[in-house]
Amino acid sequence: MLDLFLGNFLSAPVLFFILGMLAIAVRSDLEIPAPIPKLLSLYLLFSIGFHGGVKLSQEDMNLQIVLTLVAAVVLAFIVPVYCFFILRLKLSLANAAAVAAAYGSISAVTFVTADAFLASTGQSYGGHMVAAMALMESPAIIVGVLIVRLNASKGEGSRIHWGELMREACFNSSVYILLGSLLIGLITGKDGYEDLKPFSDGIFKGVLCFFLLDMGLVSARRISGLLEQGWMPWIFGILVPPVNGMIGLAVAWLLALSHGDALMLAVLTGSASYIAVPAAMRLAIPEANPGLYLPMALAITFPFNIIVGIPFYDLVIGKWTGG
Amino acid sequence: MQNVKRVEIITNSVELHEIEQVLNAMEISGYSIIPGVKGMGDRGRIEGDELTGVCTNVYILIACSETEAEKITAAMHPVLKRFGGICLVSEAEYLTHGSDS
Amino acid sequence: MLDLFLGNFLSAPVLFFILGMLAIAVRSDLEIPAPIPKLLSLYLLFSIGFHGGVKLSQEDMNLQIVLTLVAAVVLAFIVPVYCFFILRLKLSLANAAAVAAAYGSISAVTFVTADAFLASTGQSYGGHMVAAMALMESPAIIVGVLIVRLNASKGEGSRIHWGELMREACFNSSVYILLGSLLIGLITGKDGYEDLKPFSDGIFKGVLCFFLLDMGLVSARRISGLLEQGWMPWIFGILVPPVNGMIGLAVAWLLALSHGDALMLAVLTGSASYIAVPAAMRLAIPEANPGLYLPMALAITFPFNIIVGIPFYDLVIGKWTGG
Amino acid sequence: MQNVKRVEIITNSVELHEIEQVLNAMEISGYSIIPGVKGMGDRGRIEGDELTGVCTNVYILIACSETEAEKITAAMHPVLKRFGGICLVSEAEYLTHGSDS
Amino acid sequence: MQNVKRVEIITNSVELHEIEQVLNAMEISGYSIIPGVKGMGDRGRIEGDELTGVCTNVYILIACSETEAEKITAAMHPVLKRFGGICLVSEAEYLTHGSDS
Amino acid sequence: MLDLFLGNFLSAPVLFFILGMLAIAVRSDLEIPAPIPKLLSLYLLFSIGFHGGVKLSQEDMNLQIVLTLVAAVVLAFIVPVYCFFILRLKLSLANAAAVAAAYGSISAVTFVTADAFLASTGQSYGGHMVAAMALMESPAIIVGVLIVRLNASKGEGSRIHWGELMREACFNSSVYILLGSLLIGLITGKDGYEDLKPFSDGIFKGVLCFFLLDMGLVSARRISGLLEQGWMPWIFGILVPPVNGMIGLAVAWLLALSHGDALMLAVLTGSASYIAVPAAMRLAIPEANPGLYLPMALAITFPFNIIVGIPFYDLVIGKWTGG
């Protein structure tokens, strides 16, 4: 069991993430200038989406897959709701809604890191889980805005452009490239994959390490800003994700998902968005403080998930599958 | 050379789309945009290190007539109030490619 | 036959191009920020040039190769001339000359896409076709400027700096890196290639897909600007390239080129430049409207060639070679 | 602090090389360049998304004496007329590293 | 709208860290930073092509009160003297998100 | 013997470097816009560091390795001192100290190019040489500043923040990522390497070529600025590096290092820094002229080393090992 955590902790991706965090701690001038991180993240979404599509083209649609996708969407609508009520105890309406949206949505990079983790443990997961990821990104945005809209006094609330918002929610760049690459992978299938393999598969893990180095820098920079926010973000950011993850696992157990699929569902439910959601919140709930929802997802929950969360979920699944 | 107003707007890059729509609606003939601006303000440090545009600002420069400048600042007020940022207006002399001065 | 078009349409590169175009249609915020597209295009030129050089180092110079190169240059001088006279019927002197220059020159990305198309159909082409591409990029620039210069009243025309222009025409970055990489590939040959293969060959198709995603975004953004320009750009942009391509094919037939070489010559003659030429025109013929020659080459002819043109030329060649 | 003119030029980046030659010919001691500027003007939208420099603008800032400013604007007029863009001149106070103010 | 000073600083990007500390120490409420600036000056051409920050400049814009502007310029003087660069101060009207003008 | 130089001269990396230099000579508009060079250099440091760590994980620590590292550090402290006294004959205190610091430190890209050179000659070197490189980068910075500090009149000198400086010296981005990747490679070892191989090894040489193309552009741009500086920079920049290199070789001979290790030690001692040191000097010795120390290292010594230096050192080692 300890090996599992240690093994994950000592894997290249996690170590590069920590290397990035330490760079800020020792005030190194190391930085990966824009727009390189954007390139790397687009590459990761491109590859994970395309690979998922190719895998999906091999699977034959069955009830379990359909139910998994449905369950994923349902989770994406429910999680932000109860997160909101927990958060509302301490936060303003706008902040509670924005943070809830972040935790209701997903983190693609956590998913990608879990992909590398599974590969290292010799496990695999179905391509439809990538579709699940894409489907789980947006609902929380709508929930978050709806909550504010329903509770807000007229004036502010009425400023929300629903058209814009739905577009932002459904066609924001990460959802779009993920679904798009998935579809293309689905169409081109195995043969199409062969030619792209060296790009979308060969250098994948290396790029991930490189990207996590930057994620380490970015998230460490955010920590300082959190210190003013008291202990609440830390409690919530570390306790709630595993709870969400366990709920994801419970659903996975009910659906009798494979080890890999179960882990991915847990990771999706347990992760929080620091890309798509903050961008949408900044537009739709500007009165919410980006200095709160962004670092909570980025500087607390993301590191927690890739260092502790992933092996923890894996462990739990191992217990029930007796694997 | 003719006298013009220099209107400078600095705000979060997620706002750019909306602001451009406002400018085009006013039929402002020209403006310039400098992306990738970092900054510090009431909403804290904008590192420009984000993977999304949430943490980058944008700088917009508009050389226009006094009346246009007033219309722009009036339109910007609610936007800046909601999303933060600043708007500066200063004097300048304008040498246009059209003018025969 | 339909399979050929469908097969091309459903290939990863074309699908990613379309994905990019759709992103603009649905107003997704997907964008690939500068200077990433520049990096990708430099990489493609680097790889195609280097690979071409290596292939050339295996071929032994023969009359056919020499004639092909000569014919390529001749085509690059003739095509813009008759294009100009067609365009002059509708456009101002400057605009007609600039558009003619664009269509007289070549599009390296169309060439690269055709390379991927050939690979997928199991065909190959000679390294000297890359040299042909480099040779065909510049003549149209000189022709275009000469036309304006000869017809222009003094004053404007006299502003052209020929030195600058020739430099721009012969050493513009794309010609330069293409020829340079070609020479280096020629010198280092097969052994040199082995070490660079994973970079210049392995990830090539993946990078192409990624780049075409951006090309889709960029060209779709240009379409709106074209709508003001009436139907002429569309007629010309869709009808003239295949005509030019057929002329290229006729020459290829006369020279009895291989299937692959013939296709590449057609693609070069039929494609239009949206990089080197617009840059040169902006400097040499500033009175021409970039909002016309750029989108015509980029938003009409480029998509037409990679979706319809390439398989069409391939089909025609198939007919005569009876392949 | 001494009074200077702030000359701002925004034009297509393909022009930069020529403009710099003009400035150097005038022996302008210093200037700053901000690349990657987007914009809107008579020549339409400059997306800055091009693979070539054709669709990117550049911003040039020159702090100089009044006489220099006049020479620059005079030299810029034909350039802007031919290639588009704008040139603004405004007032500023200058704190140079040299000055002992 | 209220009157403010526009303080512009252009210097080598290696200085940015130190300058920001100075501004924060003065409790300047807001400022904007444009990275990746090229330039020409007494220290020669800054190509911005370096692998390190040594050959890139940075542009800093601060809208502030007259007294703050004086404090900033005073603090900048030794910095610019040591590391080069310029500091300009000009007039502007300020539309803040806070103000109800 | 001539073959050795010619072979190196005609290798892809060197040819791409020369291609870059020629681009400036013919005034091509070819440029690799920021921050792409930064990305490429981070990648090279990442890969060389990681690979070094993996190799180190295979080696068992022995006295020779320890002595090599100690010797490397000692060299890094001594070289800048005597360089300073040579330079002081012609240069101001500040300039002499800054140039001495540059030549006392190392050039990672020269090291990487030597790595490619060794690979092409079928030789290899120990992972600890990468550690030696990291250790040799910083001492010269401290020496350079100390020299100025000790000789400077109060006032200026007293402005130096030692804390800042030590941080800059020890945690500057290149040292940091190099050491960090080395450690991670050391921890993950051979298995960790397998997954990253396509990224950190496969595309390595290609990226190096691409990067050297940019290095050619950057260094050629610097030459013009040097012409005002008279002949001194040229004499020093071409004569001193091989002298330093020979001293490195002498130490290597005393320690009976392998062919590969000896070459690397010579390359490190003989190369000059144009990244870490200039950045530190700009801060700590601003009165020194960056137009002097930067182009000397970048435009004279770097090209000299990769074109002449590396094969020259290799030749000398060959003589003594009789290989």
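A, B, C, D, E and F label the chains in the order they appear, each numbered from 1.
The rule we apply is simple: a residue touches a chain if its C-beta (ideal position, glycine included) is under 8 Å from a C-beta of that chain, and two chains touch if they have at least 3 such contacts.
As the structure is a prediction and not an experimental result, all values here were calculated from the model.
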Chain of greatest Cα-centre distance to chain C: E
Between the pairs A-B and A-C, the one where more C-beta pairs touch: A-C
Of all other chains, the one whose Cα centre sits farthest from chain B: F
Distance from chain E to chain A - Cα centre to Cα centre, in angstrom: 38
Centroid spacing, where centroids are CA-atom means, of chain B and chain E in whole angstrom: 19
For chain C paired with chain D, centre-to-centre distance based on mean C-alpha positions, whole Å: 34
Whole-Å gap between the CA centroids of chain A and chain D: 45
Overlap residues in chain F, where contacts from two or more other chains coincide: 31, 34-35, 38, 198, 202-203, 279
Multi-chain contact sites of chain E, meaning residues that touch two or more partners: 34, 36, 48, 53, 82-84, 90-91
Chain F residues within the chain A interface of the complex: 34-35, 38-39, 42-43, 46, 167-168, 171-173, 176-177, 180-181, 183-184, 187-188, 192, 195-196, 198-200, 202-203, 279
Residue ranges of chain E in contact with chain B within the complex: 1, 4, 6, 20, 23-24, 28-36, 61, 63, 90-98, 101
Chain E to chain D touching residues, read off their complex: 8, 10, 34, 36-42, 48, 57, 59, 73, 76-77, 80-91
Sites on chain C touched by chain A in the complex: 10-12, 15-16, 19, 22-23, 26-36, 116, 119-120, 198, 202-207, 209-210, 213
Of all residues in chain D, those that touch chain C in their complex: 12, 14, 36, 43-45, 47-56, 82-84
